[in-house]
Structure formats: structure tokens, C-alpha cells
Amino acid sequence: MVKTKLRVGIAGLGRMGKRHAVNFHELTARANVIAASTPDGEEREWGQENLEGVTIYADYDEMLEREDLEAVVIASITAVHAEQAIKAIKKGLHVLCEKPLSIDLDVAQSVLDAYEKSLKTHPNQKVMCGFSRRFDASYREAHERITRGEFGLPVVFRSQTADLIDTSGFFVEYAKTSGGIFLDCSIHDIDLMLWFLGEDSNIRSLQSVGVTAVHPGLQESNDRDNALATLEFAGGKIAALYCTRMMAAGQEDITELICERGSIQVNFQPRKNHVEIHDAAGARRLLPQHYYERFREAFITEAAEFTECCLENKAPPISLRSSVKAVAVGQALQRSLISGEKIVFEGQTLKN
Amino acid sequence: MVKTKLRVGIAGLGRMGKRHAVNFHELTARANVIAASTPDGEEREWGQENLEGVTIYADYDEMLEREDLEAVVIASITAVHAEQAIKAIKKGLHVLCEKPLSIDLDVAQSVLDAYEKSLKTHPNQKVMCGFSRRFDASYREAHERITRGEFGLPVVFRSQTADLIDTSGFFVEYAKTSGGIFLDCSIHDIDLMLWFLGEDSNIRSLQSVGVTAVHPGLQESNDRDNALATLEFAGGKIAALYCTRMMAAGQEDITELICERGSIQVNFQPRKNHVEIHDAAGARRLLPQHYYERFREAFITEAAEFTECCLENKAPPISLRSSVKAVAVGQALQRSLISGEKIVFEGQTLKN
Amino acid sequence: MVKTKLRVGIAGLGRMGKRHAVNFHELTARANVIAASTPDGEEREWGQENLEGVTIYADYDEMLEREDLEAVVIASITAVHAEQAIKAIKKGLHVLCEKPLSIDLDVAQSVLDAYEKSLKTHPNQKVMCGFSRRFDASYREAHERITRGEFGLPVVFRSQTADLIDTSGFFVEYAKTSGGIFLDCSIHDIDLMLWFLGEDSNIRSLQSVGVTAVHPGLQESNDRDNALATLEFAGGKIAALYCTRMMAAGQEDITELICERGSIQVNFQPRKNHVEIHDAAGARRLLPQHYYERFREAFITEAAEFTECCLENKAPPISLRSSVKAVAVGQALQRSLISGEKIVFEGQTLKN
Amino acid sequence: MVKTKLRVGIAGLGRMGKRHAVNFHELTARANVIAASTPDGEEREWGQENLEGVTIYADYDEMLEREDLEAVVIASITAVHAEQAIKAIKKGLHVLCEKPLSIDLDVAQSVLDAYEKSLKTHPNQKVMCGFSRRFDASYREAHERITRGEFGLPVVFRSQTADLIDTSGFFVEYAKTSGGIFLDCSIHDIDLMLWFLGEDSNIRSLQSVGVTAVHPGLQESNDRDNALATLEFAGGKIAALYCTRMMAAGQEDITELICERGSIQVNFQPRKNHVEIHDAAGARRLLPQHYYERFREAFITEAAEFTECCLENKAPPISLRSSVKAVAVGQALQRSLISGEKIVFEGQTLKN
């Protein structure tokens, strides 16, 4: 066991930033969070009260300059993900960046470009986009079984991200900068699709349709609250995606691989925990109400594994290239959703 | 295919009598219901309106005398089961009698005695107690797998009959003549226990405990609304029973066999049908609200198979001897429930 | 209670014909099967042995001419459905026709035309296409809850027909005349879609994609063994269909309605019966292996209700118009599957 | 937030000791493991390699003497639990002791006596027996719902501990010192029973029966591999326990509370994770293979909460008195198992 600990800085202390900060600070044995930055005063106050021994900055650049960091965890707003990532990359720091890299494919590509350039001088540098489901034990078990060919070739990939309905108007406001439901919700399913069907697999066509059923205000941002997509891959594979912001019962994220000799499902029966209740309403189980309630363990594992791959110079479990491709797919699906047109890729594949 | 149809009379047109009458009349291809009897005027009226071509009698004896019956289905009140059965037996008729034969072991035994005597002159006569679960496809699949040794020897048998709570006071009134919760509810579990562990298996001891939680009036009849029992069998097997009249969600009848190399459960997740609902209460399925909602198909199968075994002189699927033994076990459990004492059987077995 | 029984003839005694014959003959109290016809010698032999009192014909026309039928159940090969239906319609007989009416929209339409013309002289005549799932208790419970607005407006309809893999080559042969996977498998889902979203609802667009993963021979018939489709409806509703001939575990037919305030699923956890097994492979339930194992009860109900609506001059539960529309949708989906093009309907709706 | 960290020593580095050491060392933010002791050389070697900065002792007493500990976690063999606990108690240290305190009621009582005496001089001292299920999120949700009366009064408590079968002979050897299946397996269920029905509730009677089905060698230690028990409580409550060392599928620990207006189950459908597989064997989920796979999170929570109650002088979530009572109940059940006699408690209650 290598003894040193990784010196980590956290960028952003919003909802996800707080979680990453606590996970790296308290629950990641080999990481030391030494600094965090956020332009938000209340968030800084939270940091000072809850992150013992961590220096809190208002300015990301100042943190990078003053602290002797080895790695940065970027959990700020999406709009600055790429910029902050590139700055850290140029300093040779390891980077764990919340998804998505950007809602703009060119910007996302610029992070990859910066990383590939930096690798020439910092060959051990790790840059990874934090697709948390890849660290979930159930997805991993499914992936291992598929990969070892337990059920033969995968033929159909189906996946959905279904958020609990939020009647506060949050989604409508959020949609203005989110890049649309496919980049915001389905980006996880897209990442899983690339992971299960092959990060190098060629997408031949895609199309999507959607409606605004409960959040009519989304129309102004050219967005939808329910959408369906289908994709064709070279090599005889097809995929179906579903995303919604309207689930009444809770977070229902389901993924399914149908193969020649069997199918495997992850979370087909979403459940919050091991409790079941039988009463006049029938026999019921409770559902997780939000993403983190379902995936908290995966985030802790993500922190531990990112730390380990930095300290021990191992390959990160997610390639940055595939994360850029995920943005490309999400952007194309969103374009189809609004235009109503099927997109067929030239040269038989999605260019990224 | 033998062409003749079985000429059937129905005794009793109460809740179960109506069901048997319709099942034999309309849904049993090889049976002709030609007569029915009931002392109840409203029930006779129902019969005249709903049982086309069936002669309705007020008096059971008159029906037996006047009609050229081959078989009788006894679905009258428990108190007259044995008497009516014996009368039919003496006339050489086939008999399907609702459970239990009697709440009194001696009376139950007298039916068996009459049958065994009658067999000398009517060797093809069939007399069977209607334990409907034995005709349920799920119990049958479980029994076949156990019997063929798929999981090795069965070691632990667990079974429960759980009725939906009824706040009308019905159970309190009913308890005065029901013979107690073990003879009324658990008689099915006892029959299944004998079926799965062997009708000839020796019970070495049994005991039970119970409470009256929601129907305090049951105390007057020396009955309980929730009871637990354990039994020991010769040959290294044990059993646990649970019965309740207090289920909030519906009918939850569950049976489980734990064997050396696996376990098998019937109805472990009770469900009314294939519907599932996800809403603010969670993810739920509906439960059957009463026994017949769960076992309707089994009753139809019972009618068909009883008819077939009469017409084709096959052995009935349930031996009358084991049905008498079920009464013996139920009576002993009820005795232990009230006395608080464990009952150990002399000569290492329950006498029946 | 009307006393008369319906005089029924059965056309075709193949797999489904046998089932209909037995159901109407033995399990439908108000129907008398008096005749059956089939050009197949072995099937006629089966009829003579198993259908007591039923006259068996080699020729459909002869049966129609000689017997005093009131109703005909058409369960012959799809290619003659329409022709046989029209002949019976012209004689004023009630008709229950197996799905689909035809794989050709014009032919299907000709049945509807014949019926509408005949209604002028036989105003009580009933003609119904047998979409069995509409008679399944679970689909009915779902439909009632949706219709009474329990969960608000339905927004997303998802449904799949998933057949157990058959390695005998049957599907490849069958595909030559089946009209393709959408007309053969998904026709049930399409019918349910029209039932749940409204038989008069306007389809604005549809598209489908598919692959031949395990039955490469299907390519010759321009068919696929796995296909995905999405549809857009006027009024802000969308639908996703999936059909496969490759399921390893069994028949997995699932339907789901996602509404504003809840979702309802039918058969989300397919199961053969109430048995669960725990052994070294984990905790498992068994799946139905074919369509009839799942829907037998629905077929019996279908027989009873068709009979009742003929005898009592009630409206049939499925309109013939919607069954023609189902063919139109299936044909369009199949066209998209092969052409790769999204189909947008002129005048914002599917013409039928 | 209080800033100090708790200085912890670990006694024993066997299977559970290793887990506690890692949990306190790496995953408990407010604890510092500074020392560990074990008489086993291999275990010490493991500690030196894996517990960075922790001093490893061969002798428990020496650790207590030399190190400035505030708390001790006792995870050594059961035979020394009490002795080690009492030594730490006498030094005024906080103690988290693995279950059971002892297999001998008098010895268990002596720990409680020592603690109560020590409290006079160390009023903030915490001593807690580590019943991990009390820290499991699902049991907690069930307990909260029961406690707030969501389903009315609890009437029937049912619980089982079911271990995966182990054919290595381990259990037979282990049984020689384990105190028997009720003290070893069911002690968790007994603790839960006291927690759910009230730690002060009076047990009026208990009895148990059992068999040795797959580990005949257990007979020599007067033990069984399957056992069933029933218990009566004052105030109209009853309980049923089941324990087995023979489960083919995995760890199946289930608890159920049946109340007047509903029932609540924990882990009724045991599952390892969110994966489901559909293949030729049916539709299946995987089961946890051992206790820690199911309860790892609970152990981490236990470490955090024990630490917090020491640092902030809060009442521990489990009273030491109830843990002694659990030993009394387990010992009585084991006595009944072997004697075959029902035990009725004088003065209507179990003396402890």
C-alpha cells in the first residue's frame, strides 16, 4: 500500500460540491481535502463550518495558485466546468469533473484537446468526467456479466432517467442553461450505452420525440419534460432511451440489456431500501426521491477510485474521449427532439 | 374420451354453494348439475333464477331420494357436513365435501368409517374433502418439484392463512361454531403440511400460542384472532404455522418449504393480478381481498378433477384419511392454544 | 337471464382454433358449438375425437351453408381471415375473427366495409377482432384506473411483446406470410395503444428501427427479430414499442402508462404463477413460455363476452374500426422499419 | 461541530476485527484508531500492513496500559468479550463490544454490573453491545413507522436469521463454543424483538423445537441447524423466530411486524443489489452470501454513531441492559430446544 495521500481541492460547494467535499474529506481514506473554492458566500460559510482544516477560497484561480494541490474536483455550475478543468489541466493537476463537461460539443472537445496536449508533458495526469453510475455496484455487476459474454452478444440497450416531478418551477428555470433534457437527464444513459455497447461503437442514426406535459414553460427553452429516442449502431445493435421530469413516485432509473441468451436489468424495481409495507393501499415499497439517495454509495466509490488512480498511476475507469462523445450524442438527440428529424450520420457514424 | 356426464346434486347454496353450483353447472364440461337443495328460501330463489334446468329442493333427503344422482357436492354449513356426507355415502354416491368434515374428530372419523364400510359394496365410490389449494397450479408445481427431490429433503414447512380484517363482527359470531381459528383458517395449511411432508408422517409434538388483538369478543368462544404454532415430526422435520384474522392489506396465504438444497415458496408476494402502480405512495401491487379471489381457478379445477375421477374411476387426489387427520391436528392445536400446554403424542405420534 | 344459447361454428382447428373450440364448447355456458371446419385432415380427426356432438367439415363454405349458425369464430390462417369473415358477414352472422384481420390494410378495410354495409340490413350483427389482451383482468384494471383519471392524463405509453426464442426456424418460415414483426407481434401493443390513448386519437408521426440478431433468415422476408418504434400523437402524447423474437426466459409482454400523477404497469414482472424458488442460482420466479400460458383466462373471458354481446345485443368491447386502424399502424411501422424513414402523416394524422 | 477526534483501540483483528478496524480507521471521520491488539501473529502482520500509523499489540492489557485510549472496540472471540469489556470499563473507557456479551447470562450480567458501578465515577462513560441491525436504514425506517403508530399496535413479531449453508464443517466446530444456534444466530432477532416490542416488555413463555438436518455433528454440542421458536409477551403480543444454517441461496434475514392496521417487512425479498437476470432459469435476483454483504453500511453507521455518542455525551442507541436481556432470552430458547419443554416464567416474566 502506497502511504501518501492525495491533496485535493474542491471547486464549487453547491449541492453536489458539498457532497463531494464531505466524501473526499471524511470518507476517502487516501485523500486530504486541503482547499475549496466557491464564489457564493453562503457556500463558503458552510465550508468553514463543516470542512475542518480546509482553506476556503472565493476564487478558483486563487486556490489553484496558492495551494499545493495534486487534484481538483470540479462541482461548480456546468457553464464553468470546461474552463476550470482546462486551467487545472494546464497546471498538470488531476481532474475529476462533474458531468457534463459542457453542453456545447466544441467546448467539451476543447477539454479533451487540452488534456491530450498536457499528457505529453504530464504523462501520469488523470482527467475524468464523473459519471457516477459507472461506480455503482449493480451496474458493475451487469457490465461484468455482459462483458464476459454470459448472455451472448447484447442486441438491445434500453435505459431511462426518470426524475421525481418538481412543481416548484425549478426545472423551467434550470432548462434555460441545461442544454436540454437529453444533455441533462439522459447523459447518464448515453454514457452507459457507450460503456455497454462499446465506447468506439459507431452510431448510424438517431431520432427522438417528446412532449411538454407538466412544465409548459419548458417550451420557451426549446425543451421537453418527456422524451423518447431510438438509436441504431453499426454491427446490429439498437437502443431506446426515455427521460422524464414527471415521475410521481420517485427516481426511477432503469437500464436493461437484452442479449442473445438472456437479459439483465439494473434497478428494474426501484426501491429506496429493504422495507415493504402492506396496508389498505396494497403491498408497497418506497422509492428513492432523488438521484443521490439512489447513488450515494457510487459517489463514495468514485472518490476512492479516482484518488487511487491518481496515487497509483492507474487508468481511470472512464475515458475522457467517451465523455466528449456522450455530449455529441446528447446534443444530436436534443437537435432531433426539436427539429423532428431523424439524424443519419455520414460515413455511417457519429463524428466526434 | 368417455362420453357420459356425471349427474351432480349440490347441497347448500350459500356463498360457497353458489360458487360450486356455477362451477359445476357452467364450467365443468363433463358434469350436469341436475338438482340442488337448501333450507334457505332466498338461496332457493337464487337457484331458480340462476341455475337453468336444475331442480331446487328445500330438503336434502328429498333431493337424494327423488333424483337419480351419481354425485353430491356438499357445501352446506359445517355442522351438517358429516351427516349429509354419510347419507350420500350410504346410497353409494360419490361425495365432494367442503372442508372441514367436522370440527369434531369423532364425527369426522365416522364419515371415514362409513366410507370404508361402503367401499366393500361400492368399490368405485369416491369421497373427497375439498381442500382447494391442492388444485392450485402453484402449489402443484411446488409439490412436484419437492416430490421429485429437486431440492433434497424438506426440513422446515412454514405456512400461513391470513384473512383480511373484517370489522363487522362476523368473525366473532362465526367463532361460536367454527371450532376455532386452527380448524377454520389453518386447516388448509395443515392439509398442505400433510401433503408436503407425507400424509403418513408422524407428529411427535405440537404447541400453539395466540392473542385476541382486534376481536376481543372471540375470548367468549375461547378463540383468538392471531395464533402461532410449531410442530415436530418424526424423521427430523419441523413446521411453523401462522393464522390471523387481522390482515390490513388482503388475503396473504403463504407456504414455504425449506429443503437441504433450496427452498420453494408459494405466494410469497401475494398479488391480485399483474398490475403495479407507482404513485406518491410508492410502488405497489394490489392484493386479493378474499380467499376466492385468490383460488377461483383452483375450485374450477377441483370440480373438473372430481368429476373425472368419478367418471373414470381414478383415485381422488386427496385421501379421506388425511382429511380426518387434518381435523385431528387442528383440534389438538386449538387445545394447546387455549390450555397453553405443549402436546406430546404417545407412542411418538398423533393418533388418528 | 336470457335462456337461449348461441349456435357457434369454428373456422380452423389449428393451434388457436383448437383452443377456441374447447373454450366455446366446454367453458362457455351460453354457447353451443355445433360445427367446425378445417381443410386439414389431422385437425378434422382431432375435432371428431375431442368435440363431442360437433359436426366437422372440410369446407368452410359448406359449413356456412348447411348449418344453422348464429356466429362464427374465425381461427384459420391469417391469409383467409378476411375472406371468411366477409362470407359470414354477408350471411348476417356474428363474427369473432382472430387478429389480425389481414396483413394488408385494403383487405382489412374491405371487412369493415362489408360489415358497415351489412349493418343496414342486420342492425344487431356483431363483428369483432379478437384482441385477447382487452379481456385480461390486469389490462382492464389498468384501463379503468386510467379512464377514471386516477393518475391524470396519460402522457407516455410503452408496450412490448417479447416472445421466447425459437431456434427451430419456425419464425423464419412464418415471416414469409406474417406481414412482419410489427403486424405479427406488436399488433397487440398497437391495439392497446389505441385503447388506452383513444381509438380516435391522431398519430402524427412514427418511425422504427430494428435488427436481425438471431434469425438471419428473416432478412429474406424483409423482417427483423428485434425492433423499436416511437410514435407521436396529436394532443401531446408519445409512445414507444418494442418487439422481439429472442427472449431467453419466456414470454415477457409488458405495458406501461406514465401519467401526470402516477404510472401503471401491467406485467412489469412477468411470472408464470405464484411460485418462487431460492437456490444456488439466486431467488427466481418462472416465466410463462408462450402467449397462451399468460392469456388463457383472457381467451375464456373473450368467448363468454362475445357470446353475451351476440345474445343480448350489446356493443362488442372492441370496435372493428379500431382493429383496421391497428393494421394501418402496424403496416406503417413495418414500412419505416425497412425504409429507415420516419413517416409523418399528412393533415397531421394517420389516414385510415 | 466539536472538533476533537476519538482515540480508539481495537481488540481482535479477526474477521470482524479487521472490518471494525478499517471502518473506524478510514471511514469514520471523527475517530482515530491509534492501537490494536491481537494474540494472533498473522492478524498482527495484517494490522501492520494495513493500518497505517496504528500501533499493534500482542497483548490487550498492554495496549490498555500503554496507550492513551478513550474507547475500545472489542471484536475478539466471544469467550473474552466480557473480560476485556470489564477491564476497559474499570479504566473508564468507552466500549463498543461485539455481540453477544457472553453466552453465559451471569457473565453478561457481570459486564452490566461493572458498567453500572463505573458510571458512578464516570458518568459520561458509554458501553454498548454492537447489534448492527439497529443501524441499518431499513430496520430504522420500520422502527420509526411502528413507533409513531402508523399501523396501530404491533401484535405479531416474526424474524429469522438464515445463513448460507457451509459444508466445510465450520459450524460444527464453531458450535462447541457458540452457545447454540439461538445465541449465535437468533441473538439479532431477539435484540430486534426487544427493540420493536419494548425493551421492558415481559416475556411470559417461550418454547422452541429444532432439528439437525445437514450438520449431524452438531448433535455432539447439543445444537441444531434449524430451529423454530414462539414467545408470548404480557400485553397481548406474540413472536415467532426461525434460524437456520442451511440456506441454499444466501443470507436471508427477514423481519416482519404485523400490526392492527398494516404490516411492515424488512428484507422480505432479500437481494444483493439492484440487478435482475432473465434467462433460461427464469427471472432471478442475486442474494447476499453472508452477513457483512448485507449489513456493511450498518457497521459503518454504527462506528460513526458510537463515536459521536462518546464525543458528544449522547445516550447510545442500544441500552446495555437490553443486551443482557437478549442473552437471557437466547439462553432460555436454547434450553427449551434441547429439553423439549416450554418455559413459563414465574411472576409472569423473564427474570434478568
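A, B, C and D label the chains in the order they appear, each numbered from 1.
Rule of thumb we're sticking to: contacts are C-beta pairs under 8 Å (C-beta built on N, C-alpha and C of every residue); 3 or more make two chains touch, one makes a residue touch a chain.
Note that the structure is a prediction, hence the values are computed from the model and not measured.
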Fraction-based call for subunit B against subunit A, same above half, different below: same
Chain whose average C-alpha position is farthest from subunit A's own: B
Centroid distance [mean C-alpha coordinates] between subunit D and subunit A, Å: 38
Interchain centroid distance [CA atoms averaged], subunit A/subunit B, Å: 57
Where subunit B and subunit D are represented by their mean Cα positions, the distance between them in whole Å: 42
For subunit A, residues that touch 2 or more chains besides their own: 151, 247-249, 261-263, 268-270, 277-280, 286
Subunit C-facing residues of subunit B, complex: 1, 3, 25-27, 29, 49-50, 52, 136-138, 141-142, 145, 151, 261-270, 273-280, 286, 297
Residue ranges of subunit A in contact with subunit C within the complex: 151, 153, 155-156, 158, 205, 207-214, 226-232, 236-240, 242, 244, 246-249, 258-263, 268-269, 340-342, 344
In the complex with subunit C, residue positions of subunit D that touch it: 247-250, 252, 269-271, 277-287
